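Sharing a structure with you now.
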Amino acid sequence: MNKLCSMKEAIAASVTDGCSLVIDGFTHLICFAAGHEIIRQGRRNLTAIRLTPDLVYDQLIEAGAVRKLVFSWAGNPGVGSLHALRRRSEASSPERLELEEYSHFGLLSRLLAGSAGLPFWPLNNYAGGDIARVNPSIKTVTCPFTGQALAAVPALRPDVAIIHCQRADAEGNAQVWGLLGSQKEVAFAAKKVVVVAEEIVSTERIRKDPNRTLVPGIIVSHVVHEPWGCHPSFVQGFHDRDNDFYVKWEDISRQPETYRAWLEEFVYGVKDRQDYLARLETGLLDKLRAKARVCEGVDYGY
Amino acid sequence: MNKLCSMKEAIAASVTDGCSLVIDGFTHLICFAAGHEIIRQGRRNLTAIRLTPDLVYDQLIEAGAVRKLVFSWAGNPGVGSLHALRRRSEASSPERLELEEYSHFGLLSRLLAGSAGLPFWPLNNYAGGDIARVNPSIKTVTCPFTGQALAAVPALRPDVAIIHCQRADAEGNAQVWGLLGSQKEVAFAAKKVVVVAEEIVSTERIRKDPNRTLVPGIIVSHVVHEPWGCHPSFVQGFHDRDNDFYVKWEDISRQPETYRAWLEEFVYGVKDRQDYLARLETGLLDKLRAKARVCEGVDYGY
Amino acid sequence: MATELSAVPTASERMAYRAAQELRDEDVVFVGIGLPNLACNLARATHAPGLFMIYESGAVGAIPERLPVSIGDPSLVTDSLAVVGQADIFQCMLQRGLIEVGFLGGAQVDRWGNINTTVIGDYANPKVRLPGSGGACEIAVHARRLLIVMRMSKRTFVETCDFVTSPGHRVNGKRRAELGMPGGGPTRIITDLGVLDFDATGEAVLAEVYPSVTPEQVRAACGWPLRTAEALRTAAEPDVSVLRLLREKLDPQRLYL
Amino acid sequence: MATELSAVPTASERMAYRAAQELRDEDVVFVGIGLPNLACNLARATHAPGLFMIYESGAVGAIPERLPVSIGDPSLVTDSLAVVGQADIFQCMLQRGLIEVGFLGGAQVDRWGNINTTVIGDYANPKVRLPGSGGACEIAVHARRLLIVMRMSKRTFVETCDFVTSPGHRVNGKRRAELGMPGGGPTRIITDLGVLDFDATGEAVLAEVYPSVTPEQVRAACGWPLRTAEALRTAAEPDVSVLRLLREKLDPQRLYL
């Protein structure tokens, strides 16, 4: 089944007010294009889930789309703070964001349980510290063989997962290489999956290297072709991280005025990703484009 | 660290009388060469573990190497029975093999627990059936969130795992494609890992495609270069399954006399794998050699 | 080697054809080797081209060029949509609830659709040691629709299984819902004589017979007093074009027919 | 751009060098970005060429060509020995007990090596919202040796952490063994003034000071009454060749120095 559609259509069909959502990716493959489209469509009261909410989550928060954040590390990686998040979660804030907080391993375990169809997941963690003390979703389970007490977290089944990949076919069979993060777990845990790809390829091409397929099309509902949809994050084999942007973001986002101005110019003020890309500094994409490091293929013959 | 050695050395250094052992592989990548070397070295009282004990496990049983079998499906896949196993496990047998039996998912879950450093693994299975009734290692765990009763199995930490792969470097970084079976789980669960490879390649070549690495060298103690070490099973991209052998095996193995004669000729009567290969029918290896189906490489540039 | 095509289906052909009729386009099927594989290939070649085949070996969306000789045949890997570890197959596909149809057979089946593939006789001192569960138990627990494909005889359709490897609708007096099993349980037993459906109590009843078979013949081949459904249907049989497809294209070497 | 090389190390250079001395050849290290990454690269370039670096992003055996600007920098992927999902990193590497050395820093540390990276102030109404745990909590629980690298001040070395994100040797009066934590707990706190070791009770004590620093200076920068080890050592400092390596080769853009 051909599931190809525009980002506008995919978001309109899958992200509704009040739903829970993951735009996944671990520094790699973070679909900023999807986040910006959600802001443009004016979604509200989202439960935004991700191990590493970063700039695009902060932009969703600043735009007023998010009611609750479920996370384990929130920052501008390698640079600084998420300022909208901080403004909405410190004692001085008038309108507080609801936070539900784990460590990476704990939140990942919630997604593992969701992806595996189990109601909970055990992990050896949290003994003594304060994370479990302030989060009632972290409980204890006792090993029926050793009597050892372990932490347990409940399955997480997000309403929607948005997974960016290097290539996919029109059915949503998605291939990823480089960092895999928690993309597989997020996709299998979610009730609905939107795949966004740098490249749309034929199903025959996917079938040439089946071990690269991270998300099978049977769990995917929409497929969007959105090259450079991850800028300023990176896509291995396609483009580097725009580190200058991450550094500049610290200044842009520190003051609500400059933050709103940026959103006006680059999110509300553009109609789609092509329009966003056209507003970037001339020559930037060429500068970020990856220098080829192609590996050999392997032999699937018999 | 260079861990290359001969199969003889690897087995002598890692497999001891009474130890627990997995020679893994799911129809694909089953290291018959390792099993034969264990028989030649006269090991006894092994606990042989595998989801799908097949011909080489049956040969270990016939040769008297095995005291206990931990398994979930024992047969000659697509053909028939394992006759040594049957002779040692039916009511009429004088000397009975100890059997510990799961379903695939259950035994895999034991290995998952072992590989993840947890004392147990939960799975939604076994309700009502007889598998859990006859196996005291299958217990129940209650979800601390939903109250749901689930099956639980204890971690399995085999003493030794033997993992065949398409290619590895001298440190044991092993790359596998095609069926992955439970090889990763077995390797991480085991206390000692022997990697056997069709091809030994440079570490630089492993680094060209890091997503293909299934077993990292840091958990590997010995590396053996043994091309065709999996015959009569198959190695994707190298050679097909020798199906005629599997079919013939039914007749060879049905009678203890013909079974012993085969072991004499092809196991006890050869000094190593090269010697075994030399005894195979002329032209067989050429017939089984894979017809190339090489996929494209992917780009790891940035 | 070409012989005149017989218009009379063999028992295997009947079962493969009848099983194929249970498959709908785009069903996600957990495929076993042998007749289930043939039934799936037949469905794909006829009314269900979008049938999605998953093998416990890890091949997802496989389109084998040759009839696989084992569940882990290399032809299942080449050109499949994805190949994943078995942990993903059992956890993320089966336990996660993505499998619509499972296929099982066995040495014994009882009226509740419980299946034995473990031992004949006492577990500790078996007369015959069978291969065991493999993935059968979890398929029986999780598949939304379970098709049982077995030849009928008093030896195989038994009052009580010697061992319940794969649970059906009722085990030791308890219904599967009480036992917390998420899958739907057995939908049908497809045999060489007819087809058994399951009634509201979870008991198998004779629902279809092939044109040349009488209900008495079926009952005589069953080890429990088999009830007959109110409206007994005639089971569909393959026509000559289907037989040609099966014999000449799908299993030309007659591995399973 | 070339300036005369100062032979006096900066605080960051001191800490990177001193941390590198803790690493042994072939140690498996769970590497964080910033100073820990620099310390590892320095160790690899000098006495521990076989240091094995694992990043929580999934890069295993990475040998980045450039200094990574984030823990998931693409340069960590290219030419690494393996790239795996984060589930494998946390389950099969960390929880499985394969990580020898972990590195952590934070906004606050107490005498037991408990670390806070979550909030300053009350959790529900924080004065400052910090990034949170990330992988820190599980690294503190599982690493066999944990190195804490932090600049010292009364604000950061506190009597009691506002929030214990990553447990040390003693949390709320309980020792880590009682709490069932498999890792060894903090081995040392490496600061810009000196190095703290942990005594048999799990309390941090001053064990080393840099040549230009007095024990009084260190105690003045500590929020609890810091005890001094019986034999106070002089902390090793980088010589000119190491400084050249750090400044010209390992962090030429001075991202972290």
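Letters are used for the chains, namely A, B, C and D, taken in the order the chains are written, and counting of residues starts over at 1 for each.
Definition applied: a contact is a pair of C-beta atoms (placed from the backbone, for glycine too) under 8 Å apart; a residue touches a chain by one contact, two chains touch by 3 or more.
Predicted model, so just to flag it, every value in this text is computed and none were measured.
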{"item": "Far-end chain from subunit B, centres as C-alpha averages", "value": "D"}
{"item": "Chain centre separation (subunit B, subunit D; CA means) in Å", "value": "41"}
{"item": "Mean-CA-position distance for subunit D and subunit A (Å)", "value": "28"}
{"item": "Junction residues of subunit C, two or more chains touched", "value": "59, 74, 77-78, 83-84, 95, 182"}
{"item": "Per-residue overlap in subunit B, given as positions that touch at least 2 other chains", "value": "117-118, 123-124, 148, 177-178, 180, 184, 208, 211, 234, 236, 240, 290, 293, 300-302"}
{"item": "Overall pattern in which the protein chains touch one another (line/ring/star/complete/other)", "value": "other"}
{"item": "Touching pairs - complete list by chain label", "value": "A-B, A-C, A-D, B-C, B-D"}
{"item": "In the complex with subunit C, residue positions of subunit A that touch it", "value": "1, 115-118, 173, 184, 188, 203, 206-208, 210-211, 213, 216-219, 300-302"}
{"item": "Touching residues (chain side subunit D, partner subunit B) in the complex", "value": "26, 28, 50, 52, 59-61, 63, 74-75, 77-84, 88, 91-92, 95-98, 182"}
{"item": "Of subunit C, residues touching subunit B in the complex", "value": "33-34, 56-59, 69-74, 77-78, 83-87, 90, 94-95, 114, 118, 121-129, 131-138, 140-142, 163-167, 171-172, 174, 176, 179-182"}
{"item": "Residue numbers on subunit A that touch subunit B, as the complex places them", "value": "117-120, 122-124, 139-141, 143-146, 148, 150, 152, 154, 166, 177-178, 180, 205, 208-209, 211-212, 234, 236-240, 290-302"}
{"item": "Sites on subunit A touched by subunit D in the complex", "value": "26-28, 51-52, 71-75, 77-78, 81, 85-86, 89-91, 101-106, 108, 112, 123-131, 134, 148-149, 177-185, 234, 236, 240-241, 243, 246, 290, 293"}
